[in-house]
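Read from first to last, the chains carry the letters A, B, C and D; within each, the first residue is number 1.
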């Protein structure tokens, strides 16, 4: 490992921006398309400067229609391009949902493998930014439940930098979830090499409870781990990074040691990612579990008005509460 | 910086009844029978909604609102359209129609909850016949169209009874014209000959994208291919907006079917308080449009042609100041929702499993409070 | 209970048809809308004869666009109507997905309870009919994961008859999944009274393994139960009927007795309904479980070409295999 | 039974080059330079695809296919459009364009897999420049439009090089015109001035719904409001369809942008083999349209005007019979996919968790086989 001092430090927004730039340099077939991604550089500035440097043909300000964005990306992929679509906010992916689940996800399969769909769909997601409705959703489960799609999420600048490049280079369609409230948070160092895209990472080792999260929840979980450590409870924190496929070996190996698992995500609780992980863990490590798998997630309500979002979100207190509960077993 | 310059010259066939200089002009198809007192009332409307707008922007800067979508420059389009509505008519706004809300007697403070984050709108669409703000671009045009289907089924169209016949006014933006939903609304409205008027405020921009990204022909032309008329009106001319909307709504109520109105106007402010338009448009564009200010021309008319004296303007100003103060104070007084309310109104009847979730949440909140107490 | 002989017997298709007729008679605000629902009576004839009897204003052949169908239903609901929307096939609900998840599901909440959305969205779903692609999907999980929606499914004619009436009469928006391959199967008797809509039903008692299903899988599970009984293994079969909300008390009570649970559905395995039930059961009956919860479901692939569908679907052999596996613990 | 009668009288401005009686007529804008031999070749195309169609229907009746969507009555529209394509052009069909597939040299047997249930299409769209059949109504129009964006980015438009300049032909139906996707495709095509021709076969019906449920004006009018030309052609006239499509594709390749073509035709058969049109339309309607049969008029022309002898027709008949036999035998010989193939091509690279699922499935299949062995 190189010294942190030697590594460049970036915000997640800038890391994504540089990752996209690398991807565009690496392959002239890579296009960026979406609403306001060109001159404005995207409402979060993730594509800042790219249109200026790569031209309007490669960084495309599209008309305002998400089905159109995804549907034309499918056509571009058939023509041999590698489109990176930006959905402006999580809540606005749904007009494009049909093209994603019925076309993007299935095309390779329908063509008996003769046509690839190397499309990356970038979605800024999650809450905590004080936004109005439809701007704080966590729709990852819809895509994870859709066969043919891969779903990943970055939790830090370094992963953002590497994962976006890996996603764009991947020949399969990928829905790429970016935790928007971390975009412009503190800079952090960029690793010199990439971790394989579909591999989870143990970001903090611990012996008492395994806590699994991804994207925006990792920082909260790490806070919780620090707090618990003071009380002598060591959390092992796993950043999934890939939601589909799931790197279960990493999770199961951990749970076999700790015997306890908590899954944390912002998406509503029921029928969410937590359920899938809990189910696989009890299947694969039934006799290791000393307590039921617990979930700390958004509630089964619409995302609330922003004045309530911090109550709704899986915050520090709620994670600590779950740790207390699971340690009581 | 953009090298793109908008063709801001009005289309030759754009309906205008009051020039930017404040002169009344006639239009063969859109005679407007209006008194100077009524024009003065429109002036008051325009000033009041601009004041609400500027106050909301200030509140956002002070951290009292999370966001605001300014209507600056679009007052005439909204007041003209809004004042064309009859009580029984229904309006379906986007997130920017604060001026229409004003016309529907929806209090400015009611609008602020959404932007302050104390609620998600939270008003009853049927109370003032003004639907919730809709942020998902275009979605409300289908709601408007469905509502119009209901009007037809209620027999509330084409009866000739002015208290009964009802129409719908659906708002959307130039960017929204690209959405499937808006075009499907056109399909439905035409196929069903529905009493709905589509009112497109073409403010030239969808965030950073100029209207040319959406269409290479004027937007009012869109409807003809679906089988109903469209027209372009000077969106900065409150009289013209009133006249064309009134006529279109009259037609709708008389079972003559839908109309598309493109109000040609300009978004003078950033898209929302989050936006930085310097990245994508020239300041000179706004300068040009300033010469077409929707309020100045009415003031000029009232002063020069209607001989309205300074007391009137002073009284409107005073009233707008009062309103501003009320908005300012009222905004700060808007109460935060209680944590327990998270589970309110998820369903009409909260299922058992959510009652359990709510109970656990309540317990947790209390335990945290105790801890920190 | 009245004697079977006294009760009318109907196919599921006819039961739905009569249920819809009752609903329309009961409330003049009830409308039916969708593609081909009028003159044709729907491609499955579920709305047969209704336009003739209730007129074109109440049974509406809409233009061909699902977002339009749902979006105009929202407007009709605001005007005080109670629309019943038919989606022609499961795979065609996705163009209407945005209106369902962002408008229908949230409207009541966004209006602070001041506006109701009593919309029923009927979706013929599931496979096994030898159809071409997009005609055999099981998208129920997408809706179950969406707060604000209720999701139910009938497995027999009697439930079909009653549940559709209950759904239409319910003030909340409901996605109503109809197992299309059972539409025209054998007639069965209609009960004299209705079971509460959100209540699961134990359709066969048993002491060894609880098997939970809904909609199209119930008949398969009952077959499996009969086969197992010959080997002395008694399955307790639960028809969920409601997927969201879930009647967990009924499921958990059963698992506490049997100690074993299998969930069966046609939707792909991962992030599906089975995961949610497994997770809640291990939460609520941790110490009762003698084996991990198992799932028998569609695989995590796109729905296959029809010549393979019987391999892909949770068929009798697969359920029996799972019973064998779970009994080995 | 319907009391609705279609206005089957052609629009006065519908392009026609060959009357139902088999007479060539001139059109000022669409001169067609074509030899009698070429017309005879079109005749052969028409007969062959009709034969494929009737054979497929028979195969469905015999249980060899699960479903078939018949093109009967639409042969001229499809052959005219299909023969206007150059090799490098790309076609995006719905599920009914068997005639276009023929023109693209996609073997009839390739099409059958989808309907037999042995695959989901399974051909390579880029092999014959013929996309997979698309069943989700309208979705393919956006794919076509995106493909056209790619053409522009490849610099394969407007160069004047006939081997290089490329256009896209997007098929859809009258019912599809209501879908958001189709209208969004129009938005994109116009805004980007893309080399795509939208070819709408208005066969008067979307399953049971007459085109009047979708639109109260002719569909070809739709495009003008988006900013590109539209025209109606006699969809039962192969020469007219060829001429208008050729010109539209030429324009597209020459960077003149999109065109909408409405081919006015009729679905002579049920929607698919599952459908029962007696529930919603009068048989007399089809009788009227029979008089406009797309093949009869070409035969009449060839016989009367081009003096083509009976040997030619006999040879085409013979060839079509051979084709039918090949289709019949070939269909029955289509191999069922193996269970193991369930997991093929879900992704380019099968993730580990799916490898596990596949292995478990394989084990299970083997265990069941052993049990029953």
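Points worth noting:
Following the convention adopted for this analysis, contacts are C-beta pairs under 8 Å (C-beta built on N, C-alpha and C of every residue); 3 or more make two chains touch, one makes a residue touch a chain.
Note that this is a predicted model, so its numbers are computed, not measured.
Using the average of C-alpha coordinates as each chain's centre, B ends up farthest from chain D. For A-D, the matching interface among the pairs C-D, A-B or B-C, defined by over half of the contact pairs being the same residue numbers, is B-C. In whole angstrom, the spacing between the mean C-alpha positions of chain B and chain C is 41.
For the pair chain C and chain D, the distance between C-alpha centroids works out to 36 Å. Taking each chain's centre as the average of its CA atoms, chain A and chain C sit 31 Å apart. Chain A has residues 62-63, 65, 67-68, 91, 94-95, 98, 102, 106, 109-110, 133-134, 147-148, 246, 270, 299-302 in contact with two or more other chains. Each of residues 119-121, 136, 178-181, 184, 187, 191, 213-214, 346, 353-354 in chain B touches at least two other chains.
Interface of chain B with chain A (complex): residues 2, 66-67, 95, 113-121, 135-137, 175-176, 178-181, 206-209, 213-214, 274-275, 279-280, 336-337, 339, 341-343, 346, 353-354, 357, 361, 364-365, 367-368.
Interface residues of chain D facing chain B in the complex, by the touch rule stated above, are 177-181, 183-184, 187, 190-191, 193, 212-217, 221-227, 230.
Those residues of chain D that touch chain A in the shared complex are 90, 92, 119-127, 131-132, 136, 139, 141-154, 180-181, 184-185, 187-188, 191, 344-349, 351-354.
Within the complex formed with chain D, the chain A residues making contact are 31, 57-58, 60, 62-63, 65, 67-68, 70-81, 95, 98-99, 102-103, 106-116, 147-148, 150, 170-172, 198, 245-246, 248. Across the complex, chain C meets chain A through its residues 67, 91, 94-95, 97-98, 101-102, 105-106, 109-110, 133-134, 141-142, 144-148, 244, 246, 267-268, 270-276, 278-279, 282-283, 286, 289, 291-295, 299-302, 329.
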